[in-house]
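Quick one: the structure is below, and I'll ask about it shortly.
Chain naming follows the written order as A, B, C and D, and within any one chain the residues start at number 1.
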Amino acid sequence: MIKAGIIGSTGYAGQELVRILLRHPETEIIWYGSRSYIDQKYSEVFRNMFQIVDAACMDDNMEELMKKADVVFTATPQGFCAGIVNEEVLEQTKIIDLSADYRIKDVSVYEAWYGIRHASPRFLPEAVYGLCEINREKIRSARLIANPGCYPTCSILSAYPAAKEGLIDMDTLIIDAKSGTSGAGRGAKVANLYCEVNENIKAYGVATHRHTPEIEEQLGYAAGREVRLSFTPHLVPMNRGILVTAYAALNRTAEEEEIREIYEAYYKEEPFVRVLERDVCPETRWVEGSNYVDVNIKVDPRTNRLIMMGSMDNLVKGAAGQAVQNMNLVFGLPEGTGLDAVPMFP
Amino acid sequence: MIKAGIIGSTGYAGQELVRILLRHPETEIIWYGSRSYIDQKYSEVFRNMFQIVDAACMDDNMEELMKKADVVFTATPQGFCAGIVNEEVLEQTKIIDLSADYRIKDVSVYEAWYGIRHASPRFLPEAVYGLCEINREKIRSARLIANPGCYPTCSILSAYPAAKEGLIDMDTLIIDAKSGTSGAGRGAKVANLYCEVNENIKAYGVATHRHTPEIEEQLGYAAGREVRLSFTPHLVPMNRGILVTAYAALNRTAEEEEIREIYEAYYKEEPFVRVLERDVCPETRWVEGSNYVDVNIKVDPRTNRLIMMGSMDNLVKGAAGQAVQNMNLVFGLPEGTGLDAVPMFP
Amino acid sequence: MIKAGIIGSTGYAGQELVRILLRHPETEIIWYGSRSYIDQKYSEVFRNMFQIVDAACMDDNMEELMKKADVVFTATPQGFCAGIVNEEVLEQTKIIDLSADYRIKDVSVYEAWYGIRHASPRFLPEAVYGLCEINREKIRSARLIANPGCYPTCSILSAYPAAKEGLIDMDTLIIDAKSGTSGAGRGAKVANLYCEVNENIKAYGVATHRHTPEIEEQLGYAAGREVRLSFTPHLVPMNRGILVTAYAALNRTAEEEEIREIYEAYYKEEPFVRVLERDVCPETRWVEGSNYVDVNIKVDPRTNRLIMMGSMDNLVKGAAGQAVQNMNLVFGLPEGTGLDAVPMFP
Amino acid sequence: MIKAGIIGSTGYAGQELVRILLRHPETEIIWYGSRSYIDQKYSEVFRNMFQIVDAACMDDNMEELMKKADVVFTATPQGFCAGIVNEEVLEQTKIIDLSADYRIKDVSVYEAWYGIRHASPRFLPEAVYGLCEINREKIRSARLIANPGCYPTCSILSAYPAAKEGLIDMDTLIIDAKSGTSGAGRGAKVANLYCEVNENIKAYGVATHRHTPEIEEQLGYAAGREVRLSFTPHLVPMNRGILVTAYAALNRTAEEEEIREIYEAYYKEEPFVRVLERDVCPETRWVEGSNYVDVNIKVDPRTNRLIMMGSMDNLVKGAAGQAVQNMNLVFGLPEGTGLDAVPMFP
């Protein structure tokens, strides 16, 4: 049994990780970390866990944790993980970081967008960007995994084959994304109150959202060149789900079927990417609670643009599920272990 | 492997049954019945099933089905199941009926409340009311199981210990219930459109709802006398979940702890009933996607009333999950097989 | 023009009061009070007011306010209004208090349920309970009006004719109420975050909610005797609206039409109470944004109970609208001035 | 008093028109047309109208209607209005058509996108596109007004100053729009059921939505050249509201403030367009129930793109409110008559 510790287990992503790991056949959670709820029973914070989890929340004692845990998940604010990682830690345990600390290779880009100093940039080269569909082999041997952001996961997987194959003009790429409210976290803010979010939709972080450089970096690797794109997230009155609608000029005229076949070829062996049938648009309801990403494309011959779409559960594939997928790879388990949930509808 | 057929697999309860059975380790679905979608791929009706279910929908051919299936679930309109059950069928397969056809022993009561003639009343004595917590032993040897209604499941389990122990005056019992909209079915009706249900709450079927006699019959068995109660359902703008708030006069003064201990004693061994801690009210969010029923009670010393509360996922414990729980008992499997989902929040 | 000051104008009820008064033909708002947002532009707190309200938020300076304002609305936490009312204030301005400070005549009951000392109990005899349908004449000459609570308004109006006419056994009265989330206020609490409220329903304050004694007192006046009742509020995932479902034993057998006629007679002249037609249940969607209360009753001959139902917008008739209705009476205006909004659907 | 007839008064837009006209000081509704509910009381279809509207629904008898009504609103399916308009009608009454029949000047474009033959193309030259902010003077003298579509209204007003001033490269314009579900109409379809829309977001009509040519035509007039753009609508789980996020390459580098000043200059005198302050994004909650369109822009210097945003209530400014705005102009009333509602929040 893999012994897993979670730092930040009382956020939405942390709790989702608990939910998934509780039914993972090869894992045992040995540490429910939460600074906000130390010594409080975990099931009092999340009452869905009543009679399922008996443990109380614990402070984040890395000294102890790295000795006890085979893997430590950090579902923590930006900067926390960078502050605790060091060689001693990485020799004793694996780190899967759900924050952004190790996602961006260029520390100056990280520091510019996140507005904080990176405490351990020397581990950036070693850290592996944990998008399993692209970095599967590197992940298997990693000690430190940067679990991708929710928007980047959906954005990258929606555009990857087109970028990689040079189908689109990367200078024209625009990503318009929409997320459920769990992505905003569990902090007590007026802006996230029920009556503020319900019956509303808004864009936020326009032209400045921190996931932008992460997407640019990864799609840059795919395209083999630097990428600058527009990324606009929107807040949607629903609990879970991310939808991405991306636009780019086609580099040449192409039939829709031709491009869909390319997408199908790329994702044929992927257990969690479903390329939908012609004219079926991704919808968040069809992936809820699962690790799937549904993608599809549409060619608009009038404008010679490619429209790339993806949907995903932001807490599963966009956070906790992908973290478990990474863990499975690291520990040599079948990649889908514990992740076989059928999407729950309605 | 148990071979399962589902008639009515394209309603919300039918689809939930598919979702649960797909991950049931001892069952294989061999028949996706749906009159409305014959020959259409099941995954085109419910796109969460894309690349998971390959089958197409089939008409309901009982002749063929009873030969192939070890168990047939009927998630069908009232009257359908009564019309297909006969001795030949019951000799060849087990029937778990999610409709109301065999829930009420007195055929005249059934016919009065449902407004249709019962086509096979001779099987009413044999049919077992499939509330596992109460009829577990009878269910194990049953051929024909009446899966309880959603409201009745939650109502009965909330009030059962109090009724059985004679704690409350059954003549004063009032059940005020609230349900998510999946309980209204997937039929295309104006009243169930998004804009009609959203930002609204209403009572319906006041003093006339068909689940009333079902609750009365079962609580009557518990109380050892005939019961007449008030039952009022309400439609709530959410997908899933039922909440029951029930009121009755206490037959004697009693401390809250005393009654909670009685509840705890009754449900101690139950895998799916959770008696909550003092002052914790059941909420539907904590059971969503799971087979749990959360119950709790409150004594109001000012009025000497007992307030009994329960929450549950109407599609799981209130329909498909309970049906699988019944199936497990019938086939000698551990009762919770395939039903170990941790409630999904948020 | 009536000069109106609002203390607590940045809560949901305060903002609704602003919205209504802005279109009131005889009123001018001269004071947007808000301790939390002093000196901040009101339209930055509520951006619906952009280019409509230019004022900034001000601290609550009663010395100045009582001199400038003809009427002061206090949409403030319990205890605040009791702390500022004195003879000097009441000689200079009218007070319409949206908190509970002057709703309950017996100060010991107030202090027991609210857990605070009342700072000015000597004004309790003078204060008028501002339920216009019942206390219209007293309100006209009042200096200090206790604007009724949201749940009490809907509960009392639903049960009043039955209580007054002695139709029901008041010892059996049970009120099961459901409210939208704006009733929980605009404070930043985890429990009121979107993801905590959405897809959930729960009871709260069971047997202990502070609106209980307020309803008991008023229905006690109607019944001519002391009343003890059960009141259970529930939180519903919607912004606005309260629905009340109340149950009581009939003192005698009665036809439904007979009782509806009594209700119609009581409310015939009322501009804001609509007695619905037979078998039409009140729904919150049909009153949203308006000052209406829709009521109806159902006789259940099986249990000889009367089921009384009411729906209302908690922020309008349950708070700001009723406050304006009171103001109109106090200043001799037609009662419906500024309150003629047609309910907005969907 | 203007006598107004409404054909199609029982759809969401029709009902909103009723709601607005009921409080319009210069109008009287004399005809509640509805093929689906002939002879049924209007207030039984929309119970918010109980005790407000006494009339019953009537069939669409143009012969009679044109004689009685000073203005006829057609909130009807595509093709209906084109079928009833003729010279005789236009000599006797004004027509404000909420359908698309007269929005597109080129009949072949209309027929290609809508897939029906236009029954009266000879009136296309005369019809005025009723976007008051742009065609105000023409509207005053029009007999036949094509009330703009919901998406086009918000899209055009968001991009108009930029297009008109030549700030953006029109070949790069991409409009990503999001709408509440009332935009989908009141027809009983499975796809619009509560449980299908709730907790979901999806794109639809990708690269094929009928509002595309309407936006292209109008922005083409502004730009002084033919325009081809990408338009993608999305369905959002909320009742009302449209949000537009539009992207285009800047023709030159420009400071954000410079462009905002251009927008402010364009809309300075407009009663219903609010140019928001720097870094304030439009949100649908701040315009709900009102005739406002909130717009703002953001310059992204990294990509040299202009991001144009707008929010609006699809049933008010996007349909019924704009229709009344048009009516006011036609009849020489102040443009905002009956449209002064403060946005309702929450």
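In this section, contacts are C-beta pairs under 8 Å (C-beta built on N, C-alpha and C of every residue); 3 or more make two chains touch, one makes a residue touch a chain.
This one's a predicted model, so the numbers in the text were calculated from it and none came from an experiment.
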item: Identity of the chain that, by mean CA position, is farthest from chain A; value: C
item: Which of B-C and C-D has more C-beta pairs touching across its chains; value: B-C
item: Geometric centre distance via CA averages, chain C-chain B, whole Å; value: 38
item: Distance from chain C to chain A - Cα centre to Cα centre, in angstrom; value: 46
item: Averaged-CA centre spacing for the pair chain D and chain C, given as whole angstrom; value: 37
item: Per-residue multi-chain contacts in chain A, two or more chains; value: 12, 182, 195-196, 198-199, 237-240, 283, 285, 288, 346
item: Residues on chain A engaged by chain C in the complex (per definition of touch); value: 12, 181-182, 184, 186, 188-190, 192-199, 237-239
item: Contacting residues of chain B [partner chain C, same complex]; value: 172, 174, 176, 178, 180, 195-196, 198-204, 206-207, 228-230, 232, 234, 236-241, 243, 245, 247, 281-285, 288, 298-300, 302-303, 305, 307, 309, 311, 346
item: Chain A residues within the chain B interface of the complex; value: 12, 15, 19, 22-23, 46-52, 182, 199, 239-240, 274, 276, 280, 283, 285-290, 294, 340-346
